[in-house]
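As written, the chains take the letters A, B, C and D, and residue 1 is the first residue of each chain.
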Amino acid sequence: MDEVLPGGFLTLSDLEETAKARSSTEVWAYVEGGAGEELTASDNHAAFRHWSLLPRHLAGIRSVDLRTSLLGHPVSSPIFVAPTAYQGLVHSTGEVGTAKAASAARTLAMFSTLSSFSMEEIAAAAPTGPRWFQLYLQPDFAATRELVGRAERSGYSGIVLTVDAPVLGSRDRQTRDGVAIRSPVPLGNGPHIVPPARIPQSDGEVFVFPPDATATWEILERLGGITRLPLVVKGILTADDARRAVAAGARAVVVSNHGGRQLDRAVASVDALAAVVAAVGSQAEVYMDGGIRRGSDILVALALGARGVGVGRPVLWALAAGGERGVSRLLSLLQTELAVTMMLTGRRNLAEVGPELLRDRSA
Amino acid sequence: MDEVLPGGFLTLSDLEETAKARSSTEVWAYVEGGAGEELTASDNHAAFRHWSLLPRHLAGIRSVDLRTSLLGHPVSSPIFVAPTAYQGLVHSTGEVGTAKAASAARTLAMFSTLSSFSMEEIAAAAPTGPRWFQLYLQPDFAATRELVGRAERSGYSGIVLTVDAPVLGSRDRQTRDGVAIRSPVPLGNGPHIVPPARIPQSDGEVFVFPPDATATWEILERLGGITRLPLVVKGILTADDARRAVAAGARAVVVSNHGGRQLDRAVASVDALAAVVAAVGSQAEVYMDGGIRRGSDILVALALGARGVGVGRPVLWALAAGGERGVSRLLSLLQTELAVTMMLTGRRNLAEVGPELLRDRSA
Amino acid sequence: MDEVLPGGFLTLSDLEETAKARSSTEVWAYVEGGAGEELTASDNHAAFRHWSLLPRHLAGIRSVDLRTSLLGHPVSSPIFVAPTAYQGLVHSTGEVGTAKAASAARTLAMFSTLSSFSMEEIAAAAPTGPRWFQLYLQPDFAATRELVGRAERSGYSGIVLTVDAPVLGSRDRQTRDGVAIRSPVPLGNGPHIVPPARIPQSDGEVFVFPPDATATWEILERLGGITRLPLVVKGILTADDARRAVAAGARAVVVSNHGGRQLDRAVASVDALAAVVAAVGSQAEVYMDGGIRRGSDILVALALGARGVGVGRPVLWALAAGGERGVSRLLSLLQTELAVTMMLTGRRNLAEVGPELLRDRSA
Amino acid sequence: MDEVLPGGFLTLSDLEETAKARSSTEVWAYVEGGAGEELTASDNHAAFRHWSLLPRHLAGIRSVDLRTSLLGHPVSSPIFVAPTAYQGLVHSTGEVGTAKAASAARTLAMFSTLSSFSMEEIAAAAPTGPRWFQLYLQPDFAATRELVGRAERSGYSGIVLTVDAPVLGSRDRQTRDGVAIRSPVPLGNGPHIVPPARIPQSDGEVFVFPPDATATWEILERLGGITRLPLVVKGILTADDARRAVAAGARAVVVSNHGGRQLDRAVASVDALAAVVAAVGSQAEVYMDGGIRRGSDILVALALGARGVGVGRPVLWALAAGGERGVSRLLSLLQTELAVTMMLTGRRNLAEVGPELLRDRSA
């Protein structure tokens, strides 16, 4: 399957197209589907159209340096691999391929609790990382503690707590097209792992949800008590939640709506970004994911104050299209596009990127 | 006709699609058609796109409680069945099916003066209700009084006066496609019932309309004199009319434009809601209907201050698609979607829903 | 050609469709074509979408009275027939049919200098009018004086000076499709009439235009010196021009962009209306044309302050579709739609129509 | 190829259509392609839709005079030929045809460093000009100096330094469709000319770009030291860069985003214009290019303060469609459209064109 020359992919759309051709309807419903009418899933990218770029010329640049650090980890660029579940569904190498590609690119990668390979296998495939573990709270805290402990022991350097999935969103496309995923890959981290529940149960007048939904912000302090790893909160869309996360000990937050897979009609990530940066940007690192398809999207997010910018669905496309080499190509494409965009706007490094780059197209 | 498994309907669009397949062109023109160019009919749903949702996470929720009361009647959720005429046209069970499904779901249902079954038959089919009677003023008040009296005697617990139909709107699609409805069901409440007139009569320089159009807000006081039931006014789109309604004795108002079937170019219901809530929300209950297709639409309306949210056309879809079971499925779908949406926005009950949930997408 | 039952036309779109089917490509290019990319031609109607209507209910109305007066002439409604040239191209009865239909409807009609029948024939066909003469300035004033004199003698009661056609606009569609109009009807007012010139002549570095373009606002005073008829200026789009027109003696102005046939990218008529009303509404009557397709469009224009609302292209559709009976149907359709719309918004006459009816949809 | 009668082209769209029919896929990708998703390439024209025109009538105009001067050179109109590379690709006469047509029309033309004919051949073909030389900085200054010297000696009267191409943009369409341009024309100015580099090189963590990208605004002073010709800076999109250019000696700036071929998501030229005029309009001449397709586009740009308005892609269309005669037709079409538009807005010369002509359509 890897015989495709990654160099043949010019843009992320090419990866998407090849991925679609290689995927069954069921798998594609998983990859592309969002919640409900997919308003948020499509807004995530469309909302970047609110912004134009204002270049600065003759800036005397001979090179562009994309390097930065994410919670102290030096990385080759602010682009990171956002966590997505079940990567084995789209390509046999699954998270192992993703990890090798990301590590080779010196890019931060986050891996899901619901990975198809175990976190130890992923770590072994690409020991140098950097690599963070995405955590879904488990129904009982002992199981959560076990996951965190394994992550720490196998060399993950951050815990990314997803807070926007107390229950699974209404994934209509998945339900419609994906009911019969014929050969589901097992959960790599063990058969005892509990994913976000799919269906709320109605108990008389009241809908009862899975127990892990009962968590409050105190869970962060509790997690802080069982690990020395920095805690990151993923799924933040408001200034208030950002402040709560940081007050409870988060070292970074990821502005995200889960790729539009959870709450349909949730604000687009890029539309939520500025308020979160204004609220906590001086105390914590702020990242975002959702809708990134081009280097210029990344530059917009950086200009609005993001320190890191994640890609989720595109990693699934890349994996499906070419396995590890597909992911390598994805990362290299985005880094090159970002570098060219910075060159053309006269920015030689990330410190030179700020809001003066942006013009509101509706103004 | 009821052999379809309601569980096969994942969304309201599925109900619509099945309903369309099962309906004649004539009936479908009645179900879907709006007034004129159907600007308002389509705006009603489109206007929800003005708003995004801002979730609150880690809110420590294990369950979501949708219960509320509408004019003191406890209901399982704020969702109610808005009145629509001629339900026998779309399914043989007509309003009887609707009443059974709504009552089983402990949902408020409003039934039209123009029902296909008599109000007594409807009441007998589902005695526990709650159930309100929608009133079209009759040309002479004695006939109006008779209708109200029958409603009171047969256990309806509210009178909903529709004020936006002094004359029938220009239903071009209905006229075009629906002229020859072949087997019109008779009016359940008796052959003497006078529907809103279809065609204005031109008398020289002046257009003369049906006599019931002469009513003023005093009619509310007059109605108050002939019934102990609370009066609700349906069709309000401005703060001024809301104030007039409440001043004249209305206990609740329904922000509505009759599903875009009356005044084309009328403001979308959700766009009119906030001003009405601001004007009378402290003195009366404010409901709305028009354009509700998803749980997230309902949450937007609630966040703008609606206490109840009605569905009209979707009930016709549900009836056409599956009779009583179709309506049950509709109500269950919307309640589940609303519950999931509340869970994902961190609201455990309706008291926690407010305008801080909303972000204006155009801002 | 008149065998079509006018009652078969439910909306103006029906008239348009039938007209198109009955017209040659060349004639249709004349009827529908606008200037350039037809931005203004399409904006004229689209701009009405900026507004929603806010009804007032239970207003105690039994009848709607559309009567008004235009410069003192009592008319059955504010709807008037805007002048369009060459009506003989679209139907053999041409302006004679239009005049009969308008007069029978007690509707003001304006007839073009470029009519296919002579102004005297038009007057003889429908003596009671009211009827105004649209004037294109002729290259020498004697010819203009002759036209005005004929109009006065044959019973026209107003002179409508078109000011937006010092040169013919770039009618690309007409040029493309209409070059070979095979049987051009002659100019009814005589072969010596000079239409707005089609092509500017370049004289070295400078483009030289037809001599009538040299007119200034003094022309109004000059016209006032040769006729006792009131002067109306058509083609106003700004407050400044409106003030100049009124200062120079105009008793009324028509906010118009010539149906988008002259200056492409000109502001839509309805977008220009409020500023003109604010500038001169207390001193002169303000009318508008451009984009009217529905009764609700008319109500929007009236609410913005127009005293009269004209239809141009729709009259050509109506003529092409059914001759005189087509125009009668058009006028009756629009009057009925306006009456229904007023009933549904709770306005019993034009004095009750004001800006409180409107809501800006973008706000 | 020139047998087509230029008079058959009514609009620029006709030229585009014919050009497309006559071009190979590869050449067309070069002509039409923009950077990335071509957001900016399409915004350039679409952004003119932000503006409507407000005419002034009865202005007493018999002629329209489009003459102006650009840096002291009298020209027949403000329209100029913007520089585009490789004109020999689209038609055998290449820049020679363009030069003849422009000179015959007494229109300023700018010729690219990357012309298919040598600048001397271009000059010889149309000695009277006016004609400016577009400069791409060469890797070493001696080569730059040689180019400037040749331009000066062969009668070019201005040097237009392009500052928005320190590296070539991501021309995805060109890469996709145009890889195999089969008979590339040689660079007319000599095989030693270095175009903007196509691919950034990644050196470890850092992207290294071509040496000419190292230039700063001091380059303008350096150029001023080697030529007596006035310097113009092309590619300005912000007030800040405009001020830097003028401070460094530029006599004029061209607001431009390279036709959307360099930085995708860059602000549309017409959206950037007003701020540049406000910043430097009193000290330097401000021109613009990007998205001009109609005379009314030109009038909008002039009303926003542009002194000259350039066309780039349309010149390639015109060349491809009809060689020199195609370009003549293009220039004549635009001049006529501009003249008619000015006549219809009541402006007799460019001094009468100002911002009062414009109305913001979104307001």
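Descriptive notes on the structure:
The working rule: a contact is a pair of C-beta atoms (placed from the backbone, for glycine too) under 8 Å apart; a residue touches a chain by one contact, two chains touch by 3 or more.
Not measured: the values here are computed from a predicted model.
Steps from chain B to chain D, minimised over paths through touching chains, total 2. A rotation of 90 degrees, rounded to a multiple of 5, brings the CA atoms of chain A into register with those of chain B. On a Cα centroid basis, the chain most remote from chain B in this structure is D. Inter-chain spacing, taken between the CA centroids of chain B and chain C, is 42 Å.
For the pair chain A and chain C, the distance between mean C-alpha positions equals 59 Å. In chain C, the residues that reach two or more other chains under the touch definition are 362. If the chains shown are joined wherever they touch, the resulting network closes on itself as one ring, and no chain has more or fewer than two partners.
Of all residues in chain C, those touching chain D in their complex are 36-37, 39-40, 43, 163-164, 166-167, 169-170, 172, 175-176, 200, 202-203, 205-209, 211, 213-217, 219, 235-238, 240-241, 244, 262-268, 271-272, 362. Touching chain D in their complex are the following residues of chain A: 10-11, 48-49, 51-67, 76, 106, 294-296, 300, 335-337, 339-341, 343-345, 359, 361-362.
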